[in-house]
Amino acid sequence: MDGIALLTIFVLSVFIGFEVISKVSSILHTPLMSGANAIHGVVVVGAIVVAGHAQDNVQLVLGLVAIVLGAINMVGGFVVTDRMLKMFTAPKKPAADKSREARP
Amino acid sequence: MDGIALLTIFVLSVFIGFEVISKVSSILHTPLMSGANAIHGVVVVGAIVVAGHAQDNVQLVLGLVAIVLGAINMVGGFVVTDRMLKMFTAPKKPAADKSREARP
Amino acid sequence: MTSTWAGLAGLAVSVCFILALKGLSGPKTARNGNLIGAAGAVLAVIVTFASDSHLEHLPLLYSALAVGSLIGWFAARQVKMTAMPQLVALFNGVGGATAALIALIEYLSGGAGETKLILAATVFTALVGCVSFTGSVLTFLKLQELITTRPIVLPAGRFITSAVGVITLISAVDMVVTPTSARLYLLCVLSLVLGVLVVLPVGGADVPIVISLLNAFTGLSVAASGYVLDSVLLIVAGTLVGASGTLLTRMMAKAMGRPLLKTMFGAFTAVAVGTAATDGVERSVRSSSPDDVAIMLAYAQKVIIVPGYGLAVAQAQHALRELVDLLTERGIGVAYAIHPVAGRMPGHMNVLLAEANVPYDQLKEMDEVNPEFRSADVAIVVGANDVVNPAARTDKTAPIFGMPILNVDEANQVVFLKRSMRPGFAGISNELLYDPRTSLLFGDAKDSLTKVVGALKAL
Amino acid sequence: MTSTWAGLAGLAVSVCFILALKGLSGPKTARNGNLIGAAGAVLAVIVTFASDSHLEHLPLLYSALAVGSLIGWFAARQVKMTAMPQLVALFNGVGGATAALIALIEYLSGGAGETKLILAATVFTALVGCVSFTGSVLTFLKLQELITTRPIVLPAGRFITSAVGVITLISAVDMVVTPTSARLYLLCVLSLVLGVLVVLPVGGADVPIVISLLNAFTGLSVAASGYVLDSVLLIVAGTLVGASGTLLTRMMAKAMGRPLLKTMFGAFTAVAVGTAATDGVERSVRSSSPDDVAIMLAYAQKVIIVPGYGLAVAQAQHALRELVDLLTERGIGVAYAIHPVAGRMPGHMNVLLAEANVPYDQLKEMDEVNPEFRSADVAIVVGANDVVNPAARTDKTAPIFGMPILNVDEANQVVFLKRSMRPGFAGISNELLYDPRTSLLFGDAKDSLTKVVGALKAL
């Protein structure tokens, strides 16, 4: 049952992964890739757990390296994505969009 | 952990439920409602399980009623949806769509 | 069959349901989507029997399943197209009842010893399932016109509903804290009453929205029953329906310009507007005969037909199609103008006209057809009213104010086919009926159309 | 903090990540989406420390975290806009390495006794993580031009790659069947080599697609590590990235007209086409001076600018903006025509020009701007080539055949700013360069633009 639950979680996540980005415009491909890249940086929490439970020095050193690398992935990923996206600030037709939003 | 897994399944399903129908055209609202209605008819499998494990006659009778009702929901739901959808056969602009699909 | 395999099969069924919903949201994939869902459901039933070798009373189980399936099948096959919304409501209601019964049985067979979480899920299933059951049955009765479609406002109805609601909630909490079967029965009864009370004051027009909402409710109830029964499949299936049903309800309400929250208590405003509607009866209108209409059509070059709810009531789609075929033979350009909320359910007109084999390319959606009224010689409004009412553009107090309408008032001449001066769904009078360019052909739409066809043939 | 709370927090983080991806796929919500993702990640780290009271070496853990965060932060802040793709590749690579290390440590600390399923997940994590690591690092080196961007085809490369791939798979199965740490180390080494071999023959143009694919790989590897560590969060996060990354890769490949499967082995064809490209060098072209161009522009009414990869290489966006400002001051209408795959990553031109503060409404997308070339006096092509190559319309053998292009050939006069007659990314020559209405201004785009600006000011 537990295995089935985890498998279900996996399958559902696949669907969500497909669905949420299914209508992204090509202009956003690069930031999206970069943002997704940052998200898997959360693997650093796994590194923290294994390093914190290391049973000898080899494991500890490997674990610390893993933390460093994971943190680079996570922090660097989000920061670089934000930098990219800062460039896309103004919406293309701010006037038209605003007027639509302004309606009650 | 198991509870968390089930809760995760619930939350992920909510997202999928929202995402998959987020761009349905209003013409399909009724068949979609009807199809979704048929899907929750699968509750009949729950009725089968509880009726099959009934410990006294009250439970058994209630269980059998539940099976009948659940089966009505499920079978009727899918059949009526299919009948509705049969009406929507031809796509509006078959020519245009075909030409797009024909491209390699 | 081991439970791992059963679990995998359940996952496959879940995937089928996701794909079904996905398919159902696109016009080309809808039918296959529904079939995939049905295949998943069949698989689920087979796996249930195959995976649990401890099931007793198998012959009874099979019989019950067969009986239910046959009833569902026949009901679904026999129902008239116009009666589909209420049938869906009924199906939804019995689904809610199933979930509630499951919760009840599961509790009776030793649920008192379960964890509080399981108990809470049991109570939720029973409560929501019961509300959904009676609520749906009531919407069925309303749409089937077995009881009035008008909102039924009890004296102090709002107060009674709130009171019963609060008592139900208290009794639900009570049941979780100190579970007894008597308490659970009481809760069920209260919930059944609550379902009735909530739906009673809903006006005819809001009924489809309420059906959709109760559909989502049943979904959530099924999901909770899945938690009680430890079934990942039921959790996923129920939640999918609960979530998509909620979103769908919001989208439907939006398409009809009804704020979702007001819908449940819309009765109070609806009454007031209804009275105002009869005011106009004294004013003069131009009524005409089938022959007049036939002649008018015979000399037209371009005719636009606006079907509405009355077409469905009169089952006049075949007669209408005959008229259109006649006109087309005479070389007159004809198009159907389909308003998104004409009728009583979304896509109602498309379904009806498709039943009469009207070719798809004659159906024009609102945005497409609106510029064409200006050049139309005649616009025939067959049992529609609100969707052509200019008050939506001009009268800020009208309940339909802001809804885009079909620009019938721009056509050279307008013919209304209706039975009386009674207003449409929204309960407001229509200035266009008094317009000098408008003529009215009173009578049941099917009769009128048949007469016009006859007259046209005789010309 | 109890593990229930930790689980709930993990679920909250998962929701953040879903919302992040959702946000990132819309232009208006993208930035907030990224921030929500970042907030989720921070929450995940805090909860990890707070929920596990058995963590040892805390000072070391914190230090490692701080060091990694600082490195990531600085790298992300310091990198030039043009170097972003390779930085993302590098980040992705280290993420894969992290997952692989986790699998390794988890195994070393007693994983031999785990179930076969867990072992399989461990092996998968290590294998895919290692491939992703070396593969990504290699793409980094290529894009950073630390090694050649051309496809590197080893003699019998295809054979070697296949052989190593098969051996790796065998050793992976072997490891699951009879786990030893030596076998796991061997598997890691093989996987590292495999990553290099797979990416070596990928040509410069396909590199972004491969980065995206490796990104999806890392996601899957993280998901598998979540299974090993019994972490729902890692499973969800990794799978989300794996799934969306796969879809994104397909969409990117489609936008560039590259079949995804061919991408990995595109090297073989790329070489052959490359040779054909030099043929045209003998033919005569019309080269012109900055002064010529300045005069041509000064008398134009409408100028369209087509930026391409060369603009990014030359970092000429600021110089370009200066030129456009000058022209606008003179009352000349100017627009930028942005081809969807101009440059080396999607949105490359938008990012670059936004960096130079070009107002958004001057940027026109292909479909919008294409009808305007007909009425343009001058089209200036700044370091673009493939995206204006008419071979895409006419030459069925061209690798870009079928790709929609900017209709620069319809403009009255065309000016190319490039350094030589060398072809662009696709390696094919461009007939437009030999067109009588085309003049070439040879040189680095930034230099050329600066000279044109100077000449224009002197007029």
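Residue numbering begins at 1 within each chain, and the chains themselves are lettered A, B, C and D in the order written.
Here is the rule we use: contacts are C-beta pairs under 8 Å (C-beta built on N, C-alpha and C of every residue); 3 or more make two chains touch, one makes a residue touch a chain.
As the structure is a computational prediction, the values presented were derived from the model and not from experiment.
With every chain reduced to the mean of its CA atoms, the largest distance from chain C is reached by D.
The geometric centre of chain A is 41 Å away from that of chain C, both derived from CA atoms.
Separating the CA-averaged centres of chain A and chain B is a span of 32 Å. Put simply, the C-alpha centre of chain A and that of chain D have 16 angstrom between them.
Within chain D, the positions touching two or more other chains are listed as 18, 232, 236.
The set of chain B residues that touch two or more partner chains comprises 1, 3, 5-6, 8-9, 12-13, 15-16, 20, 23.
Pairwise, the chains that touch each other are A-B, A-C, A-D, B-C, B-D.
For chain B in complex with chain C, the touching residues are 3, 6, 9-10, 13-18, 20-55, 58-60, 62-93, 97.
Taken together, the chain C residues at the contact with chain A in this complex read 3-4, 7-8, 10-11, 14-15, 18, 230, 232, 236. The touching residues of chain C, counted against chain B in their complex, run 13, 17-18, 20-22, 24-28, 30-31, 33-35, 37-38, 40-41, 44-45, 48-49, 52, 54-58, 60-61, 64-69, 71-73, 75-77, 79, 81, 84-85, 87-88, 91-92, 94-95, 97-99, 101-102, 104-106, 108-110, 117, 208, 211-212, 215, 218-219, 222-223, 225-227, 229, 231-248, 251-252, 255, 340-341, 345-348, 350-351, 354-355, 359-361, 363. Residues 1-2, 5-6, 8-9, 12-13, 15-16, 19-20, 23 of chain B touch chain A in their complex. Of all residues in chain A, those touching chain C in their complex are 1, 3-5, 7-8, 11-12, 15.
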